[in-house]
Structures are given as structure tokens and as C-alpha cells.
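Here subunit A shows up in two complexes: once beside subunit B, once beside subunit C.
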Partner chain A sequence: MSAESRPAVAEAVVVPVRSGGRSRVTTAVLTYVVAVALAAAVSALFILAMRGDVALAFRTILSSSLGSVAGIAQTLNKISPLLLGSMAVMLARQGGFFNIGVDGQMYAGAIVATGLAFAVGGALPLVLMLPLALLAGFAGGAALGAVPGALRARWGVNEIFVTVMLNFIAYYLTEWVATGPWNDPITGEAITRVLPESATLPMLLPAAGAHAGVLIALVMSAAVAVLLGRTLLGYEIRTVGDNPRAATLGGVRLGRITLVTLALSGALAGLAGAIEVVGYHNRLILGLTPGYGAMAILIAVLGRMHPIGVAVASALVAVLMVGADSLQRSVKLPASAGAVFQAIVVLCVLLVEARAARRARG
Partner chain B sequence: MSLWLLVDPHLWQQTLVYAAPLIIAALGELIIERSGVLNIGIEGMMLVAAVTCFVVTWQTRSAAAGIVAGMGAAAILTLLLVYYAVALGGPQITVGLGLYVLGVGLSSLLFRVVFGVRTSPPSVQTLAPVPLPGLADLPVVGHVFFHQTLLTYLAFLLVPLVHLALFRTPWGLRLRATGENPRSVDALGISVERLRYGAAAVGGLLIGLGGAYLPIVLTGTFSDNMTAGRGWLALMLVIFGRWMPFTALGGALLFAYVEAFQFKAGIVEKAVPVQFLLMLPYLFALVVLVRIYRGARAPQALAVPYDREARG
Partner chain C sequence: MAERVHMSGIGKRFGETVALAGVDFTAARGEIHGLLGENGAGKTTLMNVLSGLYRADRGQIAIDGVAAAISAPSDALRHGIGMVHQHVELIPTFSALENVLLGREGGRLWLRPERHREDIEALAARFGLALDLDVEVRRLAVGVQQKVEILRSLYRGVGILILDEPTTMLTPQEVDTLFGTLRAMADQGLTVVFITHKIREILANCDRVTVMRGGLQVATLARAEMDEGRLIELMIGERLQSSSPIAQASSGDVVLDVRDLAVQGERGRPVLADCTFRVGAGEVVGVAGVAGNGQRELADALAGALRPAGGRILLGGRDVTAASVRTRIAAGLVVIPEDRIADGLLPGLSVAENLVLGLHPFAFGGGLSFDRGRARALAREAIAEYAIRARSEDAMAVELSGGNIQKVLVARAMAQARAVGGRLLVATNPTRGLDVRATEFVRRRCLAFAEAGGGVLLFSEDLDELRQLCHRIVVMFRGAIVADFRRERFDPYAIGRLMAGAANPAAP
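Moving on, here comes the complex of A and B:
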């Protein structure tokens, strides 16, 4: 499965190559414009099929996500799980791994953070409890990410299967804690009691409801970019991703890098889960992630596995997701339309890129 | 909980019911992988097949029409994957993951486009079991093996059929050669592209049949993510079965047994929270995964795009 060729990080940097006069960056921009236009056309067909107003739908997406302070707050809140999740996918991919387990790792981080807050949150002040809860999320995600890492390092088990299976296990574990031991009996749903106040993330825009999670996500993303680009560990991860055999011959301990990469990847997702708990819901709920993991994969592909690209793509997808949520109310288009739109954009980008690569080969 | 549950004939009968979609989808994936293409989006394709089958059955009142439509829908997606993989030499895992997410979203979207948001989900008549005359009256065995739906019988019939097609026909030989060494096939003047498209079409139809099985035999309705990882399990079964139909069947029966046991134990056993029982099949899969990679040997050209003009 590792036979797939991976574009090197350097490739995403602007280098004019084509003799025909078009720089690579123009080609990339054109690719995305064509892809978005195609995806928009397909989405318009869907809206028409539902007898919706196409122009109104597209206007609604933009006005609901960016047209008001409350909308911007919603968009900022969505950026935090999307950015951390896609950074998790990107980090794993740089090491040559596919992390399909972002959803499960988010749940794992959320469970550990919630458990810690219930256990000691009443006794600790916010300055102590909040970092602890975030750290707990980080650790919970890392623990779940270490499982595919260890299995791959020890027995060569493909991490795709392990991360997928762990998604289901983490989901049912969340359902159990949210309906069983930590359940809030008043709601009658898979929701835990409210966390102690010391485990609450401060607000960025208090009136509009934006929490500070997006700042944490941005700082962590910068840290990941530095880790990959400027440290020995990052260099080793990228070497393993490029050519595991050469890395081993060069003295990189393959098993160790496999374990560390997937654990770190899981930790980013776990942190995202903890932020959702302490920042957004103030409790653990079963629908904590409405498929952020799948979105994260697409964002990482759209962002070309490059930190800046991934950050930009996360912001765009956050706009799309908030917009899609409001479409549900105005055009009666279900929220899954957002995922479909995004998947079509990605497939179009891949199509245009593969065609260009084929032409370049002659 | 009594240990008799483990050998309950009804549990065995249910094992066959749950094994059928796994083995059908695994056979489809096996054919595609034998041709040298890795289709990792099978979970999403089964979902699209499931929703298509459900919608068409609901509108036409014909299960046959629904099944055929579901099979076609999945085949369109596998052909799309092969277009990327074969015609363009694109990255198969990335495209496969894209198709997986597309399938998850599209199935949910299609269902709501057709039915809107409802409190009580619409449902269709599931296929009735067809007892085989004579055989169905045998003690124990009759109940376990011969009180099944036509689709379930078909699933088990497909195993020897696919085996024969792969190992006893010229087409099967060429297909397997394409997955091992496409250059040799090309050198004989046989089109690698056509073989891979053919494998994708046949495999896609089977994956679709596996997806269509879920609403039309198991539930009678569609719900988001109703495949519940069966696509990924089918993908695993191909490795488990070492790319051989009969060994994959063994794996399907094993997984289906755990799945059926978990459902049955959930009814009988009240002390264990149901979530831990629901986890069982996935925990079991993790344990099995550790074993199946030992000595597994995939087709040599799996997931490697074939470029005629590259120097071999």
C-alpha cells in the first residue's frame, strides 16, 4: 500500500517549471478554480433537484458564515477541530501513514479530558484545570494513535484498518460513558453532566460565542510546521515518508518513528476533542464529531499536505460547513451536502492534477 | 448467560445471514485487487448501493429493481476509481479515500433529497426466507443452511463461481497476470486497461450487491452509515483470505459469527452494557489484524499504475 507516490513538501513551494510560460502556481490556482466551479455546478444540480433557489443557497452560505459577527464566531469555532484534525492527517501522511482515525482520537481525547474534569475539576482553579484538561485530551488522543503505531511497527499491520476499527470502539465507549456513568439524566440523551466551571475555555468573542480554541489550533499548527520543517524528528518523519528503506539505511529507527508519528497525529486530534468539550459543549456529547475525520482527510489533500495549504483549506471548509448548516434551515438542504461538495472538489482537483501529470509525462 | 448460546442453531443461521454481505463485497474487492487496483473506498460504495437499492425498491415496489440499481450505482464508482487509477495513473489510496467520503455524504444526501426529514423512517419489505424443498426439513442443518433468502444462497454460490472464474478461465488467468505483472500481459497483446476496467465493473457490481443486501435483507430501511464498517471488513477479508475466495469466506463466517453473537447476547445478557457488546466485532477485527499480515503476499502490481512507456 505504500507504493503510492507522495508529493514532496518542496513541490508545493512555488517553482516555475513549465516551458509553456505558465508557472506552477498559476496551474495550481487554475486547478482549484476549475475544481470549485465543477463542484459548484454539481451542487447547483442537487439544489435544483430539490427545487431550491440556487442563487439564494450560495448567498446563504456566505452570509451565514461571514456576514455577521455571530456567523464569524461559528466559523472560528469550526476551524479549531478542522485545522487540528487535518494537521493530524497531514503529520501522519508526511511519515507515509494514513490516519483515518481522527474521529476516534477526538472521542478518546474528549473522554479523558471529561473524566479528569469530573474527577478533580471541582477542587482545582481554572489556571490549573484548563491546561490539565487540554493535556488530558492530547494524551488520550496520543494513546489511541499509539495503537496503530505500535501494531504497524511490531507486526506490519496496516494503520488504515486499525484506525477505522478504533473509531467504532471509541464511539461506543463514548456512548457508554455518556449514557451510563456520566450521563445527565435530565436530557434523556447520550450527553454527560456539565463540566465544573474550572474546566471552561475562555471566550475569544464572548458576545458572539467564539471560544479561544482556534488560537490553540493555530499555535499547534505552527508547532507542527516547525516540527516537520526545522527539527531532526521532523526530518526523520519526512524521510520515512519518502523512502522507509533509505531512512533505515541512514540510521533512522523505523519502528520508533512509526510509533511517534502516529501517536503525535492522534494527540492533535485528541486535543481537538478536548477543545470541543471544554470550549464548545461544556460536556461530552455523542455527536461531538459530525464526521470531522473524513473532512480532515479531504482538507489535508486539498491543502497538498503542506501546513499553510492545510490552514487555508481548513478555513474555507469551515465557511462551507457553517454555510451548509444554515442551508438546512433556508433551502432545506441537509448538512451532508457540505461533505459531498467538498469530496467533489477534492476529486476534481485530483482529476485535474492527474491529467496534468499525465500530460507532463507525455 | 448460558454457554449454550454459542452453539444455538439460530445463532448459526444468523451467522450465514451476516456473512453474506461481507463475502459478496469481499469477492468484488478481491476481483478488483487481483487486477492490480486497490479500491479503498468500498465502505462508501456499499453505502451508495444501499441507499440506491432502498430508494428504487421503495418507489418501484420491486426488490429486484432496487438490487440491480444498487449494483449499478456501486459499479459507476468503481469504474470512476479505475479511470483515475488506470487512465490517469493517479494516487489510488487518496482517490479511494475521496470516493469513500463522497459515498458517505452522498448516501445521506440522497436519502434526504428523496424523503426529506422525517420522524418515522420509511421502510420496505425485506426479502422473505425461501426454505429449500426437502433440505429445509433436515434436523438442525435444515434450519441453519436452508432457511435463507435467495440473496444469501446466492452469496455462497458466488464463492465457487468466482473461484472458477479466476482460476479456471482464460479471463481469470489474464486478470491475475495483470495484477502480478501487467507488462507480460501487455506483451501478449492483451489490453491491461480493458482487463482492469472489466474487473472494476464486475467487482463493483458485487460490492453493490453487498451494499444492497443491507436494506433489502437485514433492515428494510436505510440509515446513515448503516454499513457500520462492513466495507472495511470486506477489505480486510481479502487480505485475511490471501486473495483467495474460499479463505475469504472462512474469514467472513468468523466475523459474522462474532457479529451475530453480539446481537444475540445483547438480547439475553443484561449485566454487560450493550455498547461493550457492540464493540466486540471491532475488537475482534483488531485481534485478527495482528495475525493476518504474517506472510500475506499481495498481488505484485497492486496499487501500482501501469505505464506502457515506462522502462521496465
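Moving on, here comes the complex of A and C:
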């Protein structure tokens, strides 16, 4: 007790952050420009090492993801799960929690939305069915997020383990419903039958195949920003994330905030899962999320756990993901090159940020 | 007197904060040299430069007349310089002997503590550092842990020993013992540098004193030249009447009635047992005790952050034993927590968001929205009233200095009290780390709380502070209230004996 030493903490807190000259926002943006330039340089070296054409590779990434309406549509469709997933991670993180269960929560939302559509979709018009399906996704994700929330609030169980384990449960549950009760026998794969017409998300760019999911994602992101910044609940979530003991002494109910935060985080992911079902696949498939959960964590880190930053980072990663798919064809790079680029970007941003933080400390 | 340490023109900046602005400092062989100044005057920083923890931006250091390049603690140790820091830096699960040997056995594969036992025992005897070397350090009282640290420095061959605020956590008896040891060291030719902001300790024990203010050395006085008024004036730059006149306690109502309160610690060991006491309206009650005797648990149980295993807490006659923190705040119980960084600060949030914590359920008209404009307006008032030095109410709290963080926490508690009608203030070390003026200010605030009819329960490590401010002092030892002194019976030595565990002669 008395032998513990706190001077390191005290010192880190007492030393003032340099604030003169540039504003905090300018500094943050500048940091990112440097980081992206660095990432481009390192990626170029990587492409050279693979004996690829650097200029062609970069041009391919941009032209395939942003150079055509079809490309833009693909990019927009990717933004929706990435943005909602990373908002889920960010919201949890603001409360001091790690939600590693975005994938599982997406499946949970997708299962509930699909089930509801099969159960009542034939009888309801689109104006009723579609909101219901989205709400079902939200509720399904919330239910799966509430599990680690309740365990953490009641017994202090680490939410990382619980969310990771629930990923497996949700995945195999999806496999079961997609191969069993709801299976589409024609495909012979873990894919369900097509949803009723009424459970279909309208198109944003009908010809190019972009659904309206990105709009929902943007609205929800704005809602999360308002929740965190302008409501008492959001304020309490942030106090718990910043210093749970101080929050407790300030009358914040730790258990309740833990449960609500993780449930809301799961709900955002569940909504993403429902959008994938009603917007993109029109049915539930086992490969619904190709690791969006892991990408969401990277995006939340890239976006500095700030709503605007997370939105920008989601768009950036969506471009990279869509662009990387076409690298294989044009530059003959392996498909995994896309993942390497994403990793390079993340590492460069973290590196430049760490350097900037260190300099600010003097 | 042979000069051992000569520092000249030492400058040190942290970011844009100038901590040391060209300081000269000398210390001689065989003296106890006091280093006096308010918090933030640069005392500790200067000594951290001498002991190699910080590297100075400019200036020279000479040891025994020879220029010395000190850029790491190991360099300082080579020159025989050692420092005992404010918080004990020992490994709690190691024995005293193992802690003394720490870092000495470098390079060898096997620890052979027994080889050194005789040497260490001889050294301890020479300087009056009586202690049992085989006890795990965490089982030792703070005063004894400090002896282990001093012994460790001595065993490394230190000839220049720096102690940073060493008396903060000690009972008066332990303080006397400590100065006995330091005098023995000086008599045997060592140089002792003693950092403090307590003028009384300087006057009683130091051969010379160097006074610092605002990162500058303002005077070095020999023993004959020291007097209290002059030292205060040098330290704060002006005369300031430092008396906090205590108002008569208004008799009558009991605001806090604690009965047989018990709290279980880890492994079911009671950390609080049969705690019974009262605080009256308009009364300031001090809780004295060596740190770790249940004060933190008592404060937590009162605040509602810790569930008691037994007993009752009545606030203004109402049973709040099982009430939530929020309910207690609404009922008028406000807290200034012990550890401002661990218990109070929201480092990543703004100053405004820090100030409204605890007030937030009441400050925004009961709605769901967090009214930023209102929070910022409240914060601007508090910043002005408490002279909090922040860039603005939107600055991140992590940018504040320790003293300003403390002011935020005091302002927070007082704002809650104002909003709900404060009945009881539970304050733990509310003036720690504040300069003289801010200390006065906070003390007046606490007294004003009592004068307005509230009760104040004041936990403090500073017995002088308790004697100055309180109507009554209760003493805690091993989780129980062992004595209750009225103001006219305050005697630091009697209180100190009880803090150290002596039986209470006055007890029935």
C-alpha cells in the first residue's frame, strides 16, 4: 500500500502538453498527412519488392474503387459495415471496454433480422417490414452485447474473453440456420433462402448496385456522436472510460453504464449485420463478415476513437479493400497484398502518432 | 566547512514550463541542509537533477570541487549521491534485507543476502536505524520502510543523502527518530539535504537552509539567521497571516452518526471494525492516523464506494448505509477524495466536464441532455473563484498541474454542496500539494462549510493541520477509532502515541 510508488503517473499528468502555435485539430490532420505519405512510401517499397509496377498499382487501387460508378458503389457498400462496426468498437472504448465481438454481433443481428423476415415478411408491406428487420438486427446485436456487459457488471468478467467466445457461438449458430432450417437447397452451401421482397433495402445507386446502408450508417454515427457529446448517458460513459473510480465517486452507476454501453455497442454491430442481409445479400450467408470485426478495431484506432476520424478512416479502408481486390488482376499481386497495405497504413499512423505524442511531452 | 556539492546556474524546462531558472545551490560536509519552498518552487526538480533523474538544460555541477557530469542515477551514485523519494520505493514482498541489497548484486547469478547481513547490521547500529531485517517490507510501518530506504542508500556508500518531504507520513515520534538518524549522519561527516515546506522542521533541525521560490534560489541562511517570519516571507514573497481562526462549533444536531461500521478487506480480514463516532452540525472533526489504518476504507464507506459488512451510517438522521453514491450526494454528502489523480481526475475530459462530475444529475434540470453551455458556464465561475490555472474550461484536465487538479476537486465538491445543500464534507488531505495561499483558501472553504451549518470530517496526514482546524480529533489505528480528543486536550505526542498503536490511557 504505502510501498507503491505513484510518481510516474503524477509526472505524466503534471507535465503540461505543449499547446502553443498550431491548434490541436491542425496538428492531428498534419499527423495524418505525414502518416499516409509514409504509408504510401512503404507500400511502394513493398510493391517493388514483389516486382510490381508501383504507379500502376496505386492507379488501380484508386480507379477500381473511385474511378467508376460501379467502383464507387462497391466502396459505399463496404463503408456501411466498416463504419457501423468501428463505431461499435469506439463506443465501447469510450466506456473503457474492448468489444472484440463485432463479428459475432453482426451475425446475431443478421440471424434475428432474417428470422423475422421469414416469419412475417410475406404478410407485411416494405414500410413496416424493413424498419422491423433493421430493428431486429439492432436488438439481436444488443442482446449479444448485453451478455459480456452483464458478466462484467456483475462479476467483473473480462469482456474480451466473453466477446471472443460469443463470436464462435454466433458463427456456428449462423452455420446451423443457414445449413439447416432456413437453408436454400439449390445452392448446396451455408446460405439461406432469399428474403421476402418486403425485407429489401432500397437502392442508393440502383444501376451500380449501391444500397442505402451507408446512409443509415452515417445517421447512426451522427447519433453516436450526439449521444457521447450531448447526453448525460454519453457523459457518464466517458467518465467511466476515463477513470471508473472517479466516476463511481461522482455517483455514476458503474454496472448500469457497463451493461448499457456494451449492449449499445453490440446493437450497432447487429444493425450492420442486418443491413448486409437486407441490403447486399438479400439472405443470410455464412461468410457475411470477412473479418469486419478486426478491421473495425483497426479503423477505430486509426480514427483516434473520434466519430469524424472513424468516419474518414472507414472510407479510407473501404477504398483500400475494394482496390486491393483488383490488384490481383491488374498488377498480379497476391490477394493478400490488400491486407498488407492496410496493415502498413495502421502501423504508419501509430508510429507517427507515437512520435508526435512524445514530442508534445517535451 | 568543506563544500561537497556545488550547483550553479541550473536551468530546467518542461515543455513551456520553466521549473528551474538558473539556480545556485551548495551543501557542505557534515551539515543538515534544508531546502525550503512551496510546492512548485522547484525543490524536488533541483534535487532530481542532482540525483540524475532529470538532466538539466544548462548549468554546472561540481562534487568536492571537481566538475561532475550526472545524467543518470548511476552517475549520481558513483559520486556518492542518493535520494529517498517522497513515496517509498521498495519492493513490498521482499524482506528489508533483500531490499537493502537490491541493485548491489548486479552481474552475479546467485543472491547471497547472508554475506552482507553483518555489514548492514553494523551500519544500521552506527546511525541508529534499529529494524528487523527479515520482515517483509509491506508488513512494516511507513516510518520503518523509510529507514530501509535510508539504509539502502547508506549501504551503497552514499555520502550525500537527499530526502524529499520525508516527514509527511510519519507520527511525531517517528519524526524525532528520523532527525536523530540524520543528525548522526551529519556528525559522522555525511551531507544531508532535506526537502520540506514545513518551516518548523527547518528551524528545529537544519544547520543551513536554502529557500526557493518560483524556480529560483532566493536565499541561503545559516542557523543564526533563521526565524519563522523571515522564512515565510522568503518562501512566499510577502507577509501572509496564516491563521485560520476557528469558529465556535454550533452545538446540537448530529449530521453524521456512524455506528459499529465494519468493512471486510481482502481474504476477509477486517479493515474497519466497530467504527463509532459522530460529527455535529457546524463541527470540524479530524481523523488522525498513520496511512493504511483504515482511513481510506472509512472515507470510501461514507462516500458509498465501498459496501460495509456491518454497522450503520446515519446522515442527518437518515439511514444511508445501503444508499447509492448519487443518493448520498443528493442528501448532502460531498467528498474531496484522497488521491486526486486516482480517485478524482478524469484526465482525458475537459476541465468543465471534470467540474460537473457528481453535480451532473442535478445541474441540467433533470433532463437527458448534457448541456455543454451550462457546464462551461459553471466551470468558468469555478475557474475564476478558485483561481484555477487552465488555458480554458475546454482544456483537457491532464494538462493541469497537481495543485490546480486539487483546486478542481475542491471546487467540484463545493459546487455539489451548493446545489444540494451540503450537510457533510468528507475531505482527505484536501490541501496536499497546494501552495500557502491556496492552502489557506481551501481551509477557509472547509471552515465556511462548517460555519454554514454542515459537518466536516477531515482526514489528514498533517497533524499540525488537524490541530489548527478541528474541534475534535479522533485517532484511527488498525481500522478502529481508538481515541477522541476535544480541542482543549490536543497534544501531538499523545495523539502520536495512539497513532503508533499505544493503548489509550483515557479509554474506559
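Please note the rule applied: the second predicted complex is superposed on the first by the 299 of 362 C-alpha atoms of A that agree within 3 Å, B and C clash if a C-alpha of one lies under 4 Å from a C-alpha of the other, contacts with A are read in each partner's own complex, and residues count from 1 in each chain.
Just so it is clear, a contact is a pair of C-beta atoms (placed from the backbone, for glycine too) under 8 Å apart; a residue touches a chain by one contact, two chains touch by 3 or more.
The structure displayed is predicted, hence computed values, not measured ones.
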If you count the residues of subunit A that each partner touches, which comes out higher, subunit B or subunit C?
B
After lining up the shared chain so the two structures overlap, which partner does A:A49 touch, if you call subunit B first and subunit C second: first, second, both or neither?
first
Between subunit B (first) and subunit C (second), which does A:G255 come into contact with in this model arrangement: first, second, both, or neither?
neither
Look at A:L233 in the shared chain and tell me whether it touches subunit B only, subunit C only, both, or neither; answer first, second, both or neither.
second
Once chain A of both complexes is superposed, is A:P244 in touch with subunit B (first), subunit C (second), both, or neither?
neither
Under the contact definition given at the top, report the residues of subunit A touching subunit B in one complex and subunit C in the other.
1, 3-5, 361-362
Per the touch rule, the subunit A residues reaching subunit C in their complex are 1-7, 9-10, 13-20, 229-236, 238-239, 241-243, 245-253, 360-362
Contact footprint of subunit A on subunit B as seen in their complex
38, 40, 84, 88-95, 97-102, 104-106, 108-109, 112-113, 116-117, 224, 228-229, 232, 235-236, 273, 275-276, 278-279, 282-283, 285-286, 289-290, 293-294, 302-304, 307, 309
Spell out the part of subunit C that touches subunit A in their complex, as residue ranges.
13-17, 85-92, 137-138, 142, 145, 169, 291-292, 303, 305, 324-326, 328-329, 335, 337, 339, 341-349, 353, 357-358, 360-361, 364, 367-370, 372, 391, 396, 398-402, 405
Okay, in this complex, where on subunit A does subunit B touch?
1, 3-5, 46, 49-50, 98, 100, 151, 155-158, 160-162, 164-166, 168-169, 172-173, 175-176, 179-180, 291, 294-295, 297-298, 301, 332, 334, 336-340, 342-344, 346-347, 350-351, 353-355, 357-358, 361-362
